[in-house]
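Both of the next two complexes hold subunit A, though its partner changes from subunit B to subunit C.
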Partner chain A sequence: MRYENLQAGSLGRRLLIQLLIVAGILSALLYLAVRSVANQAAEASHNNILGASATAIAEQLGSGSEGINIDIPYSAFSMLGAISDDRVFYRIDTDDITATGYEDLPLPASTPTTSKPTYYSALFRGTPIRAAAQLRVIPINDKPVSVLILVAQTQQGQNAITSRVANTAAALGIGFFLVAGTMSWLATRSTVKPLYSVANAIGRRGAHDLRPLRSPVPSELTPLVDSLNDFISRLRGTLNRTETFMAEAAHHIRTPLATVRAQAEIALRQAETNSSRKTLRTVIRAVDESSRSASQLLDHAMISYRSDQLSLDAFDYTELVQDVVNATSAIAELKDLEVNTILEPNLQLVGDRVLIEVALNNLMDNAIKYSAPDSTIDVQLTQTDSGIRCDIRDAGRGLSGLSQSSLSERFKRGENVKDVVGSGLGLTMVEAIASAHDGHFSITENPGGGTCATLLL
Partner chain B sequence: MRNTAVITISVILGLTIWFNTALAFDIEDEKLFEAKGSARTVSIISTTDLIYFAPLIDAFQEATPNISVQYTVASSKELFKAIYDEQADYDLVISSAMDLQVKLVNDGLTQAYTSSETASMPDWAHWRNHLFAFTQEPAVLLGSKKMFAELNLPENRQDIITLLRENPDKFKGKIGTYDIRDSGAGYLFATQDARQSDVYWRLAEVIGSLNPTLYCCSSKMLAALESGDIALAYNVMGSYASAVLKDDSNGFIIPLSDYTHFMLRTALIPKQADSADLAGRFIDFLIGATGRELVQEVAGLPPIDGEALATQLHFRPINLGPELLVYLDKIKRRRFLKDWSDAMIRQ
Partner chain C sequence: MRFLLIEDNADLALSVTERLQLDGHAVDWAGDLKQANQCIQSMNYDLILLDIMLPDGSGRDFLNTQRSTNGTTPVIVMTAQNSVSDRVSLLDSGADDYVTKPFDFAELEARCRAVLRRRGGSAQNIIRFGGMEFDPLAATLYINDEVRPLRNRELRLLEILLSSKERILSKAHLVDRLFSYSEDPSENAIEVYVGRLRKKLEGCSAQIETVRGVGYRIRSE
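So, the complex of A and B:
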């Protein structure tokens, strides 16, 4: 049965989203950092070129007979032309009067010093420019004359660099986000994986597997697994008490039943009337049935106990099957049944010999019980890829449409077996033993009538 | 009374303004190449004479029908004035004055143009996608065959100095060169020479000492060489020389191996152009494969040829760039002209 659980979000999704948000923030920071560093570098190199150009002009200044000699060197502008196709503007002022160049070229906000060029951005005739200003003081006739040199350039080349850098930075940011995103996804998956593996370990278990979970789990999951194991052990305790109670009950019933049967036998021998004989036979039959149920309850209790702590040994499976067939041959002969065995020799099996013997006994017992008199039982033992397979085929009344799962339910019996002594515990035990050995039990109807019980270990 | 005065003043003012705009720059020649059923006109102002450009315009109109072409010829200074000061209404400006063309672009009076043709140009042949070169014209030394019949040919500028120093009598009054105070091309060649090598000033000193004749233009120098007025002409536009000189001419080109400057004839589209798209098509035509062939064959001008310049290391195209503004600086120019005059003109 499945229960629809209320879901309160997904741990994995929550973790992934948080990691992706962090990755996104880091990518954006990376983008901005690369851009700003590269833009600063581009601006600095542009400044340097403008400064070098202004300095080159300043170096050529000299005092002549008619005042200041201004002689712009060719290289002052060719170096600007070499780095980009930008437009170049210049202005040279002597004592605040424009001597040459573009008179309307904007001045820097503060007067530059003589030591280093000043750099500034401005708008010139509607176009943004970057400019360097260099101040020199030249003595003319012993009077100092200040010369201000401005060299400016439009910023098309720098903008091209900036946008190239922006593209690179964006690609870098996106690349980083993709890598970080993939890694976040992998990290989330590997973090959530132990949860699934615990869930799977529980889900894979057979219906009667009440062993505690022993697989290693991350420390965060230990409390959960501990409580789970605690819960399992309480459940097992409850079941054990039930089994013990049943075994006790069966044991306590069996002894008085034996007494009742012995007394009934004696009474039968001494009985004089047919009706009292008939009554006594019915009593004996009922006692037999009760005692058989009691011993099967005992077996069942033992199986439940042993399944938890299997004592695994290697033994000769072929020999065991042969022994079981031999042991039941006496009862088979009573019904004139012929038992054919096709056993592969010397098949070794690792398992609980006692439990497997109980399972085989039950299957043989069923086969004999439900076989028509004077028919044949085939017992076949073969090695297959998935284990050793034991088929026990009878020519009995079959399953009359009942499914195996319902037959394996405790105390459940077929519809067509009212006349045969049985408790309905046999197949339940066989199935429990098979699953305790990680094996498989199935019971099917033969095509030509009868039943085939298959135990795969 | 007052109204009349106002009207009179307005009329006078209007006329003055009209006169100013109409006569602010001088043109030398003008022709309308009308296309049949044409809807649009592209107006070109150029320094190149009509005889060189008429066949190119005819070929353009054949390739691109229904476009009339208004072709105006002006000197490079007047052309610059028309665009720089007057913002005259032209769609395409073609000039051999590289420095003035660069100044027009640098000062933001032009517009960009890009096409598959401009994208395939060599880097040195255009600037900022505003200025496109379609010819490369060398500055050459011309000599008279009569004079050099018994003299060794100079191979470089140092050789010219030696030649002139050794034969002052033969060359006195027989040397011609540009008057760079008048000629834009002459000024460009002289400044590039001065920038290239110190030898230039020594050469100028020697030429100046031999009482040279100064010319406004290459054609006059060629004519003087043919008539025997001069025996040596320095910095003549090689494109004109090749077109004019025949096998039986007296003048011939003396190749120099130290360096040869190439002037680039460039085209640009002014900002205010009404038919910038047509101007762009004309540029594409000039720099395209057909145009290059026609520039060579019909106009007799050497088209852009990156390979020739790459294989001849002493061939130097003058770089299109902001450095051409340096010699346009008024102080720099005044100074250069003074130095040149001091060297070249002795009384």
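So, the complex of A and C:
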């Protein structure tokens, strides 16, 4: 039987989502960090070259008799050409007048000092540029003249580097996320695995296996397994007490009954009159009837209980049928009944062996009870397409027109069997056992008289 | 046959003893495992009838010690439980068969016979009378070295007649002993079996005599 449990989320999913969120945040941080460090490095190296270029120009400035000699060295621009094909601009101002270069090249926001170049970004004719400004003071005719040197370069090469770096950083971030995600999934699985193995260990058990759970579990699961074992042991205790009680009850009821029956048999042996014989036979029959009813009621209760929780095992069905036939052969012999068996050898069946044995016992018992003396009972076991078929055929009094459905009603018995001890539970039980195994039970009248009980499992 | 009956309920033990003695068997009664162990050490039994719930232990323990010390006496358990799992566990412990209380003595006897036959039996129970040899265990009759198998009711009828030779047994008495109590046969049903047995006895001097209006008896001429 399956019970639908209310689900309060999944531990595994919860853990996995949390790990993935952490991995996502770490990936984003990695991406941003790589990008900004790389951009800064690229910008710094660009600055250095621009600065070096400006310094190179500044160092070549000299004072002439008529003013300043500007001699732009080739290396000043070639070093810029080395990093990209971007356009290079320059502007040299002396005392705020442009001496050479682009006079509209933007100036830095603050006036640079003489010691170190100033770096800044600006728009020049609609194109973003990066520029370095260097101030030099040169004495001309003993009068200091401040010379401002600007060197600028467009930023296409720089942008290309930046976007390459961004792509690499993104790839790195995604790669990190994928690796971390996979590892999170694996970690989640291995964390949740003990839970499943505990569930499996319990699920794999037979329906009546009440041993405590002994498999090693992580310490977090120990309280759960402990309380489960505690529960199992309480259940086992209750079942044991019930079984002991039943055994003792049966013992205390059946032992005096056995005494009554034995005494009645002894008295019957010595009975002188027909009326006392009749009385004693009635006593014996009543004892038999009560004992039989008690057994069948217990069997019936056992079947209801076990049908819910079948303990399915594979077993040799042929052997079981042979065992049942052997166990009942002494009773069959008392009536001079011949039991013929045609059993296909080694037929394997998966089912509740105890229940199937109860069903077979009932069928054999019926066949023996209702058989005429000196007749034959045929037991046949055959493998068919729809399962293993067991036929038990007797040459008894038949069903006298009663339908199978009315015979398998509880406590209902055939009209023609008033003289035979019986409880009317036998066929009900066989039918219940057959349907618990998804099998089929039918009882039909033989053409030549007698009945044929067929159990298809 | 010699039985050892291990049963703590004195009433039942006395009844069973008395009942088995009626069939001509010898019975020793042990009320607990201690007595039972003393009995099996001092006497050889053909069969042990064992109750499971005993005051000083379980009959299963007795079975286990019997089997582990190579005791070969067949054991039939008298159990109060009728469940299949109980039966399986009893047979697994080494019981040869079992009967459920309250039990039918005819059934018990049939089971004893089957168990003894399975175990190879003892040949000492051959009965000789009027030129025939009768082996109840093997259900065979030997007349002039000719083997004549008997069916169960013929066998029991012959046993009953032989157990009270020369005495007249009433039809009613024979019906009670030959048919189960759940059947309700007429007294004439007995005639069928007497007729069959007479046929089997042809050729020897043992004769089943009809005593009109009273019953039957077996005589050797």
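Just so it is clear, the second predicted complex is superposed on the first by the 264 of 457 C-alpha atoms of A that agree within 3 Å, B and C clash if a C-alpha of one lies under 4 Å from a C-alpha of the other, contacts with A are read in each partner's own complex, and residues count from 1 in each chain.
The rule we apply is simple: contacts are C-beta pairs under 8 Å (C-beta built on N, C-alpha and C of every residue); 3 or more make two chains touch, one makes a residue touch a chain.
Since this is a predicted model, take the numbers as computed values, not measurements.
Student: Which partner chains sit in contact with A:287 here, subunit B, subunit C, both or neither? Use first/second/both/neither.
Tutor: So A:287 only meets subunit C here.
Student: A:330 contacts which: subunit B (first), subunit C (second), both, neither?
Tutor: second
Student: Which partner does A:76 reach: the first (subunit B), the second (subunit C), both, or neither?
Tutor: Once the two structures are laid over each other on A, A:76 reaches subunit B alone.
Student: Let me test your reading of the model: by the given contact rule, A:167 touches which partner, first (subunit B), second (subunit C), both or neither?
Tutor: After superposition on chain A, A:167 lies in contact with neither partner.
Student: Between subunit B and subunit C, whom does A:125 touch in the aligned arrangement: first, second, both, or neither?
Tutor: Touch partner of A:125: subunit B, not subunit C.
Student: More subunit A residues touched by subunit B or by subunit C?
Tutor: Touching more residues of subunit A than the other partner does is C.
Student: Touching A:298 in the superposition: subunit B (first), subunit C (second), both, neither?
Tutor: Once the two structures are laid over each other on A, A:298 reaches subunit C alone.
Student: Just to be sure I read the superposition right, which of the two partners does A:60 touch: subunit B = first, subunit C = second, or both, or neither?
Tutor: Neither: A:60 stays clear of subunit B and subunit C.
Student: Which residues of subunit A are in contact with subunit B in one complex and with subunit C in the other?
Tutor: Subunit A residues touching both partners: none found.
Student: Touching subunit B in the complex: which residues of subunit A?
Tutor: Of all residues in subunit A, those touching subunit B are 70-78, 80-82, 85-89, 99-101, 125, 127, 156.
Student: In the complex, go through subunit A and note every residue touching subunit C.
Tutor: The touching residues are 246-248, 250-251, 253-263, 265-266, 268-269, 271, 274, 277, 281, 284-285, 287-288, 291, 294-295, 298-299, 302, 327, 329-331, 333-336, 354, 357-358, 361, 369, 373-374, 419-421.
Student: Can you tell me which positions in subunit C touch subunit A when the two form their complex?
Tutor: 9, 11-12, 15-16, 18-19, 22, 52-53, 78, 80-85, 87-88, 97, 100-107, 110-111, 113-114, 151-153, 172-173, 176-177, 180-184
Student: Provide the residue numbers of subunit B that touch subunit A in the complex, in ascending order.
Tutor: Where subunit B meets subunit A, its residues are 105-108, 127-128, 195, 319, 321-323, 325-327, 329-332, 335.
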